[in-house]
Amino acid sequence: MLKKLIEKSQIKSPWIVHYDCGSCNGCDIETLACLTPLYDVERFGVLNIGNPKHADVLLVTGTVNHRNKKVLKNIYDQMSDPKLIIAIGACGLSGGIFKEAYNVVGGVDKVIPVDVYVPGCPAKPEAIIDGVVEGLAKLGELQQQNKTDAIAS
Amino acid sequence: MPGMIKNVLKNFISKSATRPYPIEVRPGFKDARGELTNQMSKCTLCTLCAKKCPTQCITVLRKELTWEVDPFTCVYCGICVDVCPQNCLSHSTEHKKPARTKTKLILKQEKPPAPEEIIKTDEKPVVPEKIDPGHDYH
Amino acid sequence: MSKTIIPFGPQHPVLPEPIHVSLTVEDEIVTEAVPAFGYVHRGLEKLAEKKDFNQMIQVVERVCGICSMIHAMCYCEGLETLMNVEVPRRAKLLRVIWSELHRIHSHLLWLGLYADAFGFESVFMQFWKIRERIMDINEATAGNRVIVSVNQVGGVRRDLSPSQLKWILDEITVVEKEMKSMESTMLNDYTVKKRTVGIGVLTREMAYELGASGPVLRASGIAQDMRQLKYEAFDELDFEPVVEQDGDCYARGVIRFRETMQSIDIVRQAISRLPQGDTFVKVKGKPEGEIVTRVEQPRGECLYYIKANKTKFLDRLRIRTPTFANIPPLAAMLPGIELADVPVVILSIDPCISCTER
Amino acid sequence: MTLFLYAIIGVILAPFAGVLVVGLDRILTAKFQSRIGPPLLQPLYDICKLWGKKPMIAHRFQPLCVYIYLAAAMVSVGMFFAQSDLLLIFFVQAVGAIFFVIGALLVPSPFSQAGGNRELIQILTYEPLIILVLAGIYLYTGSFKIDAIYALDKPLLINLPLLFIVFGYALTIKLKKSPFDISASHHAHQELVRGVLTEYSGKMLALIEMAHLYETILILGLCSLFWTTSIWGMALLLVITYLLEIIIDNICARMSFRWMLKSVWTTGIVLSAINLIWLYSGARI
Amino acid sequence: MILDTLHLTKETLREEVEKMKSKGYRFVTITCLEIDEDFVELLYHFDKDLELIHYRMQVAKGTTMPSVSTIFFAAFLVENEIYDQFGIKFDDLVLDFGGTLYLDEDEEEVTSTPFCRYSVKRK
Amino acid sequence: MFENLITTLTFCPLVAALACYFLRGERLRSALVIVTGIVLILSAVLLIGSAPVSMTPALFTSVKFKTFIQSADFLLLGLILYFGIKFKNRIIIGLSLLQVIILGYFEFFMTAGTHEAPVGIFCDHLSLIMVLIISIAGSLIVLYALPYMKNHEKHLKLKKSRQPRFFALLFLFIGAMNAMVLVNDMMLFYFFFEITTLCSFLLIGHDKTEESKRNSLTALWINSLGGATLLIGIVLIYTQLHTLDIQSIISQVQGKDILLIPLALLCIAGFTKAAQMPFQKWLLGAMVAPTPTSALLHSSTMVKAGVYLLIRFAPAFAGTSLSTLVAVCGAFTFLSAAALAIGQSNGKKVLAYSTISNLGLIIACVGINTHASLTAAIILLIFHAVSKALLFLCMGSIEQHIGSRDIEDMRGLFGEMPITALVITLGILTMILPPFGMLIGKWMAIESASGNLLVILMLALGSALTVVYWARWAGILMGSDFSGKSTPEKMPLFSKIPLFTLLSSAILLGFLTPIIYSSMILPDFSGLVAAPFSIHNGIIFNNQGSFAVYPLFFIAIVVFLFALFLSRPKKAAQQVSPYMSGIQGKQPGSFVGPMNKVTTYTQSNYYLSAFFGEEKLSNLVNMTAGILILILIGVSF
């Protein structure tokens, strides 16, 4: 019973931490806009918690560069499982328009595994919401899979 | 503080401004630069779009008769749409949906259009007028 | 002895952007603040060697997503001068409209973040709610909420239809009304004043010498605004720089609040003067020579240095953004304030690190 | 024995009541900000979710501190329902508050340390006020026991109006609401990240949230003592007080701890002194 | 179109900048551009009442320049940036990031002067 | 039996003192110290069976004894005068001369053999409690001093050991204290009072540094002031009542307003000894002395002499305005010392201020002067002595180990000295948390003070301040290296025994509070209509409220064990380094700062010097306290 409740809660209470790798602010502000009245992601239990130790979902915007890749890795390491990584915007997915710049490593997936890619430049708040929803769906599927795995073994 | 009380109470009694997004989807603006598509029947594979694209996310392979775009690198700037001599590129008014893996959109051309056809198509592709920009969405 | 070192950033909830400040505090009073950069540096000036000057428009738009349009405008203006292109009047006024809309949304965004810096969440929500109207205008008129991408060398890529213009007028009237309802909170609220008045004071002399720009400079009593250079269509628009005297965070807040109202007015003026005509001219050839162009962005003066060599790639593109100029004043303001005021002071220069580091 | 039973029932029901109160709080806050807000049971989901996270510990003794914090909060709620001595309840609750701080101070993290220090200053700010309120209750009823309050035939509020305001200060601090969300804010966007809470994660954070629910109930329980003569009066008082708290939360900026210490102490002490002198003088309504 | 510029040398730099300061000008920024394999050009921009004055000087790559950040504090950021990007070092910087303003010196990272086509090693 | 015990308790230390001074073998001295300590503890415990008793030993009635005391009195004053002259301190010279004159006049002209000999020894439960505290805590501290002083002298690199003098003084002091709380003759009381003054002077100056010399002189003049006021008070009382018998003075004085002035003077004498504001300076200065001195003289025992004096005479001024003012003065000291403690990062100073503060609380209780508040005072007296002695000893060990007294340097002490860190943390918790004894006392104090606006205001503020400076200290002690690992700690046996005995008594005695109350405190209140508190099932209660000692202890133990069990190190739990805004260095707890420099975690507590800074606040406090003292004298006229 408790386990079921916990699993349900994991889907209903995604706390996010947002890290701006090297975004031009476009995706950044759109991510912030998700929290504001018109989009109000708190409807899904989302809280912008700001601290990787408390967060379940890491939203990354912008390109990864040589300095912030360590920061990104650190943040990732400080989040406890289960966690979701959502890369936002063309920059976060592949480096976008900056992918040829000398200090750009590329997308977020060059450094940490990414669960959901949200395209756009910038990604619209709607797209970011879609991304979070998609991530939660993935989490749900994983839970399901774990269960069947457990039964099988 | 009193100034804010008025705002806060007004918010409290009026309907909240939230657009309940995934439940109720607002139609996109007419000119919104959403997902990029190509009407392949018109495309001549001239590669102009690929040349002008600032992110080099379009690849045109004339031998294989394919036109592909990487929607996860595209910045939806609309340059390709502007430059395409065939007007076969267009943005949908909806944003490209998030995905768990990055995949390219590869479109294959059945047969190259005949040269005379190319000359005929000089009007813009018809995009359904979804919304009137004068409408207030709040 | 009683010293605490606080690593402030790059991942820190009050910082919308990654910058790091090592704060040494004693009893929460900052005694030393050393900034560190490089967390968003991409090296995009260098991209001018890989992308042609037209494609660079898309790049400079992404120096910062908040005033992307103004970056591109500044860049295009420079190239147009180099290439001796006379931009149609309508295009100039359209540029003004879009750029002032950018200023409005940028200031609204800032007012919200600023309120959040001193923990006034509902004000944050309120301003961002108001801001969405401008975002809708952007999307409806230019196709994207943030990176509007309307500039091209020789004019603008989009036109505004009469019905759109009417809609814009209606919308900004609503914005104006809603701004007015926030006026007493932002300008007179006891708690807001307690958190901002006398905090992070930059005297007139300091502001001038440290090279502050934009609202930071004007809040210290210096009436300097690049729009006085009368670029684009500003030669025919009524415009007076907004000035405050106190040089503290409160003054900077007031400046931006009043500038928002002013921009609404400028948009109205521009719409009323909008002539019929083309929105762009066809541009042939390649640029050559060097030029410095300056425009006023929401955060202050932005300077572009362009050197072209008659190829499609620019020789050198250098962008000096307003935040780049406002970082030294910030570094001078931090020591001596309380830790709780650090976010307020940092936000008060409206830092835009992505443009600082490019 | 019945008292003991009350205590047990109280301890079991309190977190559920707390979930509803906090959930409602979040919805109302959202309403005030023109948003829709989370589901009512969101605090429950949050706690369960945190409980299911993989454990991560920043310091070996932190869990100990958290368990003691929770236990102290539970015991104080139990004692409240058992109608025990108010001062003692307050002391027991303070045990939790202190261990909460100690837990934060254990970890060599500047944020949690600074948060811990700020939390201490908050304790420093509200403790005297609560003691003064309790002294006022004593002066009026002649006892520190809760049952003495229930024995009254007039609500406390009538003779302790200023002390109720003073209690409001303590309430706001305890509920971590603006302008006093100084040591740890429920919303991020604070210079100390999450302040005292920064280094707690997963299960530990879940337990702290639980303890916070208990504390919320305790502090609302204390609030309810100001109107004990009728259940409706009590309910009305609670609703109005809490609604006011939410509104204040939404119309105030966060203040600095120096301002808090100075202004709350001065106004708090002046208000309570006036009310206490009134009580000493023997004048009663 | 070429900018109107005043000439400057490494030796006269500080003196000239002091003069500008006393005339009430303020420092705007420095622009550095690569000329060829061996030289870069430094442009010092000053402003007074919306009017810009530019100073131009050519220096050899790898030169150490006197810093003007002691005269105009605001210059420290751009001087550090130029060291990162072009390898021109500035003496007596008020806040010297030592070439790590944007770039790290970790082995895998950019240690050369990324803004020079003919890059030199930063010292 | 009783007489033997009394003799042992007073003379045995005296003999030991002499022996220590003259025996120069270290082993021998250690053995002597241990034996004396055990004897003292045993006799004090045995004394429980005999009290209460009042009697006059044969010795006291002899003329020789009287002459001896007289001459010893003058000798003492002469010594003080000598030190005054030697160090050219005018105040000390003046005060000692004043005392010589008054004493001379009193002995040779006023009394000159006329008055009847008072009952010599009076040992009620209060005296018994004092004897127990002095003998047990005192002996433990002396035992602790054995390894401590050895180390101390090693650090100082002394050529010639000065330990004989040190231990001699300690024992002399213990003997004098024991005698002081047992005698019933005011002049004898005065005599022993002065011995403690002199002892403390010598002990503070023990290390012979400039600072210690200066501070010892401060202690001497302030305590001489106390001696002088005490003497004047005695003389004034005598002129009215013609007796020196303390018990009869108390019973005669009750309700007579004329005698308020001498009582006020006694109170001031008590204030100086208890280092109440504005006389706190000497106690703070005393912290330069080796830790056992500070522990013995200035926290758990000597300062209690002042408090004892006040509690003893409390019934004499019950219900007067003097009493109220004593309460206000005490409460003020409680508040201001606590505020000053917040601004301190010097651990010993924090301890000193906390001592002053707690004594203020006790004195506030005395001033409130109801049976309930006196109960509170005595309970606080007991538990403060135990916990404070413990804290001081721990502090000493820490200081010797890390070479600093600064709280900030004790960050992560657990990693280096796990046992000491644990003990001192528990010690701190016994000071501030229920259900331990101090909190029971505080609870009683606040409940009984609620009737006095000014006092309750100050108590409320002070008690919050107290929590702050203790809690933050406790917090950083247990922090350690990130893994929470620690290196095992070696501790000499004679450091361990006192530490653990004190710790377990601090906890156990708290549990036994109901019993202590009913068997040791209640009997002293004779002729009561109703007892201040009743006890039922280990719950202390009265009409006002209740403190469930046993249940709370039970819950505390269960919770603690359960929490300990739940929080046992688990393998599954991942150790993570602290949050550093995303830019951790390789070393946990460090971050990569500007210029790529790795900055390690640096943190300090808030001392809020703007509010609680010593320089700023001290003047204000001293002035206010001075005015309060003047008012106190004023209302007594």
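Just so it is clear, A, B, C, D, E and F label the chains in written order, and each chain counts residues from 1 on its own.
Keep this in mind: a contact is a pair of C-beta atoms (placed from the backbone, for glycine too) under 8 Å apart; a residue touches a chain by one contact, two chains touch by 3 or more.
Bear in mind that the values here come from a model prediction, so they are computed numbers and not experimental data.
This structure's chain pair with the greatest number of C-beta contacts is D-F. Using CA-based centroids throughout, the chain positioned farthest away from subunit D is E.
The central chain of the assembly on a C-alpha centroid basis is D. Chain centres here are Cα averages; for subunit E and subunit F they lie 68 Å apart. Our note on geometry: subunit B versus subunit C, Cα centroid distance of 28 Å, whole angstroms. Measuring from the averaged C-alpha position of subunit A to that of subunit D gives a distance of 34 Å. Between subunit D and subunit E the centroid-to-centroid distance comes to 57 Å (mean Cα coordinates, whole Å). Annotation for subunit C: residues touching 2 or more other chains are 4-5, 7-8, 10-13, 28, 34, 36, 38, 41, 43, 46, 58-59, 62, 122-123, 125-126, 129, 132, 144, 147, 189, 191.
Across the assembly, subunit A contributes residues 19, 36-38, 40, 43, 48-53, 67, 71, 75, 78, 80, 97, 102-103, 121, 124 that each touch 2 or more other chains. Among the residues of subunit F, those touching two or more other chains are numbered 574, 576, 579-583, 594-595, 601-603, 605-606, 608, 610. Across the whole structure, chains are in contact as follows: A-B, A-C, A-D, A-E, A-F, B-C, B-D, C-D, C-E, C-F, D-F, E-F. Taken together, the subunit D residues at the contact with subunit F in this complex read 54-64, 66-68, 71-72, 75, 84-88, 91-92, 94-95, 98, 101-114, 116-117, 120-121, 123-125, 127-129, 131-132, 134-135, 138-139, 142-145, 193, 198-199, 201, 258, 261, 265, 269, 272-273, 276-277, 280. Contact residues on subunit B toward subunit C in their complex (touch as defined above): 1-4, 6-8, 10-11, 17, 29-33, 52-55, 75-79, 82, 91, 132-138.
On the subunit E side of its complex with subunit C, the touching residues are 1-3, 26-29, 31-34, 43, 45, 50, 52, 54, 72-74, 76-78, 85, 95, 97, 100-104, 114-115, 117. Subunit C makes touch with subunit E in their complex at residues 34, 36-38, 41, 43, 45-46, 49, 81-82, 208-211, 224, 226, 228-229, 288-292, 294, 303, 305, 307, 315-316, 318, 320, 324-325, 327-329, 331-332, 357.
Note for the complex: subunit B touches subunit A at residues 16-22, 25, 54-55, 70-77, 95-102.
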